[in-house]
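There are two complexes below, and they share subunit A, which is joined by subunit B in the first and by subunit C in the second.
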Partner chain A sequence: MTQEQTIPLFEEVVNGWNKLSLSGGVKKESSDLRRARQSAFDKFRELGFPSIRNEEWKYTNLARFLKDEFTIEGWEVPGKTVVPDAALVKKAGITLLDCYQIVLVNGSWDGTIGGGTLPKGIQLLKVAEARQDPALSVYFEKQAAWGDQHFANLNAALFTDGLFIRVDAGVTVEKPIHVIHVYTSESNLLVQPRNVWVVNRNAELSVVESVVSGGTAKIWVNGLTEILVHQDARLHHTMIQTAGAGVRLVQQTTVHQHRQSLYNNFTITLPGADLVRNDLQARLEEEHTESHLYGLYLAAGHQLVDNHTLVDHQKPNCLSNELYKGVLLEQSTGVFNGKVYVHKDAQKTNAFQQNNNLVISKKATIDSKPQLEIFADDVKCSHGSTVGQFSEEALFYLRARGIGEESAKSLLINAFAFDVTEKIRIPEVEAHVNELISLHIPVNHA
Partner chain B sequence: MPNDNEIIDNIANKEYEFGFVTDIEMDILPAGLNESTIRYISEKKKEPEWLLNWRLKGYQSFQKQKLPEWQNFELPAIDFQKISYYAAPRNKKKYNSLDEVDPELLATFAKLGIPLSEQKALTGVAVDAVFDSISIATTYKDKLKELGIIFCSFGEAVQEHPELVQKYVGSVVPHSDNIFAALNSAVFSDGSFVYIPKGVRCPMELSTYFRINTENTGQFERTLIIADEGSYVSYLEGCTAPMRDENQLHAAVVELIALENAEIKYSTVQNWYPGDKDGKGGIYNFVTKRGICKGANAKISWTQVETGSAITWKYPSVILQGDNSTGEFYSVAVTRNRQIADTGTKMHHIGRNTRSRIISKGISAGEGNNSYRGLVQIGPKADLARNFTQCDSLLIGDRCGAHTFPYIESKNNTATVEHEATTSKIGEDQIFYLNQRGIDSEKAVALIINGYAKEVLNQLPMEFAVEAQKLLSITLEGSVG
Partner chain C sequence: MLTIKNLHAEVEEKQILKGINLTVNAGEVHAIMGPNGSGKSSLASVLAGRENYRVTQGEVIFKGENLLDMSPEVRAREGVFLAFQYPIEIPGVSNINFLKTALSEIRAHKNLPPLDAKEFLRMSREKQKLVEFDAQLVNRSLNEGFSGGEKKRNEIFQLAMLEPALSILDETDSGLDIDALRIVSKGVNKLRSENNAFIIITHYQRLLEYIVPDFVHVLYDGRIVKSGTKELALELEEKGYDWLKEESREKATTI
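And then the complex of A and B:
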């Protein structure tokens, strides 16, 4: 049963918390998990929702998004699923991609897997079940794990469902897992999916996530994904955000990397959702790890796309590489904040970071803040950030060869995005992303 | 050849050569800050009423504001009531010529390498010497007067050119700008005033030399430079202070106004007492510096060499209001021992076709921490604005830190903004290369550092480039990575 209350989100959250602590599902959880929920909730109550006075939210004003009323869904009937619109699922599908496909509706999974049976050595579980399983609840029990992150604490306090993935040591999962997140509702909703993915020693996994939405109501998605990449393991993670108008997407992803592990992330954001905020944190906790973070954001309408990344070099001899590219159309706003933190111990760190922005429209805004904090001396760190527009010369060159202005601009945007898209390891996914980009250009240059 | 540790010890123990105290009779206001302090200063300086009222407004906004919390270092508690806000060498009457100035004072400045008698002065440089709260002497004043250039202490300007002061003071840095600017507006004691008339190219470098001498005083000077249409001026400030165990506060305000086609070049060689190797003592250098390119084609250029102060916290900025105006910022900041530098610039692009260039070089040694914090803001009307930013950090030793916080805000799609930053240590291959050619490691490092900072040092007026270069090699002597 969903609460039909017409109070601002904060009060709804407090009410939700009071209900949650009484619900049967939570009573079955371990006492440590309940303590973790309590501490996260206390932290959230102390922090409240962020304002622009908070440095991490300086350029992302939530005031206009927080005016709406939302109800919290999930804790009464965990795992309750709405049947998604088949067209929505199809829209998120990736042509020709040979994969295991699973669909999460408002953060809950019905347990079916498309694309064949899973091989041995990989388990997919509903978080609604995993959190009550004494063997697995340890992944949710960490106290005070989310520091001053407003939304992560909120999720950690109130989450009920999501997707748990575990790959056993030494197992290479050949086919990627395609996770389709469908958000749909007829009334305003706050959804808080919590995902935990564990890739054990020397295992390898590819996950492709697609986010789509339907319905007429406003949906606030407050997602929290925690990823553990153990020694020698490899995880390739692609996120394609194509949610539509009315959706406010706040996605926090924290990756813990162990010795000699590899993590690749591609975050692709397309026009649609009113607000997209990605908080990606790669924590390089042991030596010789490697992380690659690629991002592409194409923003249009009045959309606000905010990418915050943190690369936390804790140990020596690690490599990180980050490239975020943005194309800003119409009245959109882009925000990039990339922090590279090199601890005292992390000698021989190589860290590279770049953010390039192509501002197409006169009314678009970009705020970029690349940031280096370095406490070790034997390091090579660099960052770069640019804001620019179409090169007149390149446009002239193309037009002189008989290519119309619109097509020439489309070509240039595709070329600009190519630096990111070409890095996507799965050709079908790359083609899918390119197709999505083409859908939004040629553009209106008003 | 000494090993690395010995070398690092050497630089840590290096004495601050300007740490002496001048023993002279002083008029010192007892510590404490309230309205009557401000009235006392204003009265002492025989100020008109509007200025007193402005000071009081500054005091009101000071009381309303809290100390900032966003900085990247721990701000030590500052007790504003423990500072004396006015200290001046005791004098019976106004000096008519240099001969009447207390010889002890002249000797002090001579010891600092700033001879105030014009025969001995650096040729081509006019100096305004500020001792604690008061301007002692201004050289070449008459020669400048012939060209219509006004170069005098702020106090004199208030008496002799009140219309200019009233028009421009606080127009770039309002009294409510930030807590330290508000404090300065309330209690500023003296400083330099420069006015360059239309179409005049100032024939010599203008320079102010600041010296803090008295214990438990703060220095709050205010500099106002106005370059009228089509004029040019190059201005330089230098500073030192005695060695003391107590921290002393220096909260100055500098305002630059460049009208149409005018150019102001402002250089700083900052060598306040940095504290000892355990971080005891030293100056807190919290300065607000801002310039405005009011007219078209104006240009403001900031150059700074920051080697002193326990904490340096300042962001010389340029408001690019006139079309085609240009802002530049060149900085070398060196921190060692426990020194902290949180510095950078702000470039506000408002007019069309405005350009800015930022070159920042940070060098951190010992347990020093160096932060670059910069803002490049492109307004919706700043069509074809252009910015280039480069900030490099060099790390020497494994206990120092280098940080970069650039902010880029663009609201115009015709603007081009570029930012790049690198952090690294001195390459062993570079040192090896120089060693092979018979240059010992110490000299090799000095060479590399000077090469690294050259882009900034080249911007300094010639006489001071030499001094800055010397300062840089002294500061970093022996810091083989």
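And then the complex of A and C:
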């Protein structure tokens, strides 16, 4: 049986492709970009949506999420924006954080920036415009990089909007950019934001992304973010996912790192969205790069949270450090798959990975899979994975001081998360994340 | 304040306490001594509500209420404090935040409003001084990386902050050097009053030179086999526990 017969979204995607060829501003795009879209679409059509027979999706069964019908929105009026719900934007706001704030609604930005005028040397553009700009088109044409990745190909074929950021060489942007992604709809929707961020030589930027949702419908977000961190550049990237019920969030982030660059990533997932699948890929393409990947996932309800990471050590003398911590509540399911690939050339690689899980409820599960593939012989690599429960001793100690069982558990969850949250470089963001953790620990854990 | 009657308890189906009787009144300090494995720490655990202990017989009345019916946190809020023999390290929970949470839950239980930040800070400073506890340790993660002595001093600092009616010190002197022992004892002596009571569990007489008890009890094989005043502790120091073991065995056979 083909997917056309079983998955309504597959049919909608094919229809969408036909519509896109006629409108959506694609005609104004470069011929290379149009070719890239075509081959991405052909690839997706060949691959279809992933099933559990696919190794990368073994523990994440999409069947129950793909039953619903979704409509693709975007190309009738490319770049069209919905006015964001003020309450949602407020919810995503970070108390006391001095930042530039921009809001994307269903992947589109209206061009307004809160928090002051941007300094010289940084450009923010709508992707709806950037993709038609001959000078920027090159950033959207790299289809070959998506390989056999189902959702990345789907996005590469059909994307219409998103956020383009470029920082000029030598520029340090002092204030972080807070990007609030609002997803809201009254009818089921497939949204495919495409973001491209370029941090040029010796430039520095901090981006904090918050994902929130509203409305009553189901929304499938298939996000694709491509990041280029050039020589000596530094990018600090935090993603806080607090989308609510009905949202299926598939986010692929691919980072290309050049010589002596630094990339810090914090991926924080909180209870809410039905499905979260993060694919974070750090490609260390030149020597002496440094990458730190920190993750914290708190899953509850029937949520499925899957973090797939890839650290691709292509060249010698690079350092990668990865720490993912998970707290599984209620009937939630967590998946962690951390692949570290050290190429034959990548001698003197230092690659460290750790995944720790706290399973609070008897009905919650976690599949943790470290995956090291090392082809160089002079490297330092380590990995570890643990699954545990509350320490009874610690719980008793807190209770013996008058702290109720629920508060004690809440304190211990915060403490467990602390190894990750303390690394967040911006104190206001750290406080915000800690608050979210406390807020989302349900009263009844069982 | 506390009445223990014929208390029997087991852990992992092994009988540990075999009929303890003890009455502690406000203003009193009771020392409980005894050889290893006699049930001293088990008694402390049962009183604090450690869940792997099962009470099979007897009762414990604390301030007129059945203590054994209460959860560990309710016992603490009612005024029972156990200074742990091995305080737990909890990385990521700050000492001060932990105390703030504990104090506000205890106050809420007594229908008192939480202390505001300023009052709390003032109280914390005052108590730090009282028990000679290093201010830098207050802001660190709970017991993380503390030396053995620092952990024990932190227990006494917590005791000072939470102002319990009944404090049970479980081998607080073990692992302390003479200076730390002196500081801990000084703290306890300052906290003693006619309204509170202490049960001091110790293996050695040494601690009792600093904290002078009103009563000394010897625990052996799950029972209190001898009670007396502070002189009993000295006698034990001199003669060891063997003579009591003999005595207790004789008693057991004659009954």
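The working rule: the second predicted complex is superposed on the first by the 435 of 446 C-alpha atoms of A that agree within 3 Å, B and C clash if a C-alpha of one lies under 4 Å from a C-alpha of the other, contacts with A are read in each partner's own complex, and residues count from 1 in each chain.
Note that in this section contacts are C-beta pairs under 8 Å (C-beta built on N, C-alpha and C of every residue); 3 or more make two chains touch, one makes a residue touch a chain.
All values derive from a computational prediction rather than experimental measurement.
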item: Touch count on subunit A, higher of subunit B and subunit C; value: B
item: Partner chain(s) touched by A:G404 [first = subunit B, second = subunit C, both, neither]; value: second
item: Partner chain in contact with A:F375 - subunit B first, subunit C second, else both or neither; value: first
item: First, second, both or neither for A:A415, with subunit B first and subunit C second; value: second
item: First (subunit B), second (subunit C), both or neither touched by A:K362; value: first
item: Subunit A - residues contacting subunit B, complex; value: 55, 59, 328, 344, 347, 357, 359-362, 364-389
item: Interfacial residue positions of subunit C with respect to subunit A in the complex; value: 48-51, 71-73, 75-77, 81-82, 84, 87-88, 90-93, 97-99, 101-103, 105-106, 109, 141, 158, 162
item: Complex interface listing, subunit A residues touching subunit C; value: 391-394, 396-405, 407-408, 411-412, 414-419, 422
item: In the complex, subunit B residues that touch subunit A; value: 70, 72, 378, 380, 393, 395-425, 481
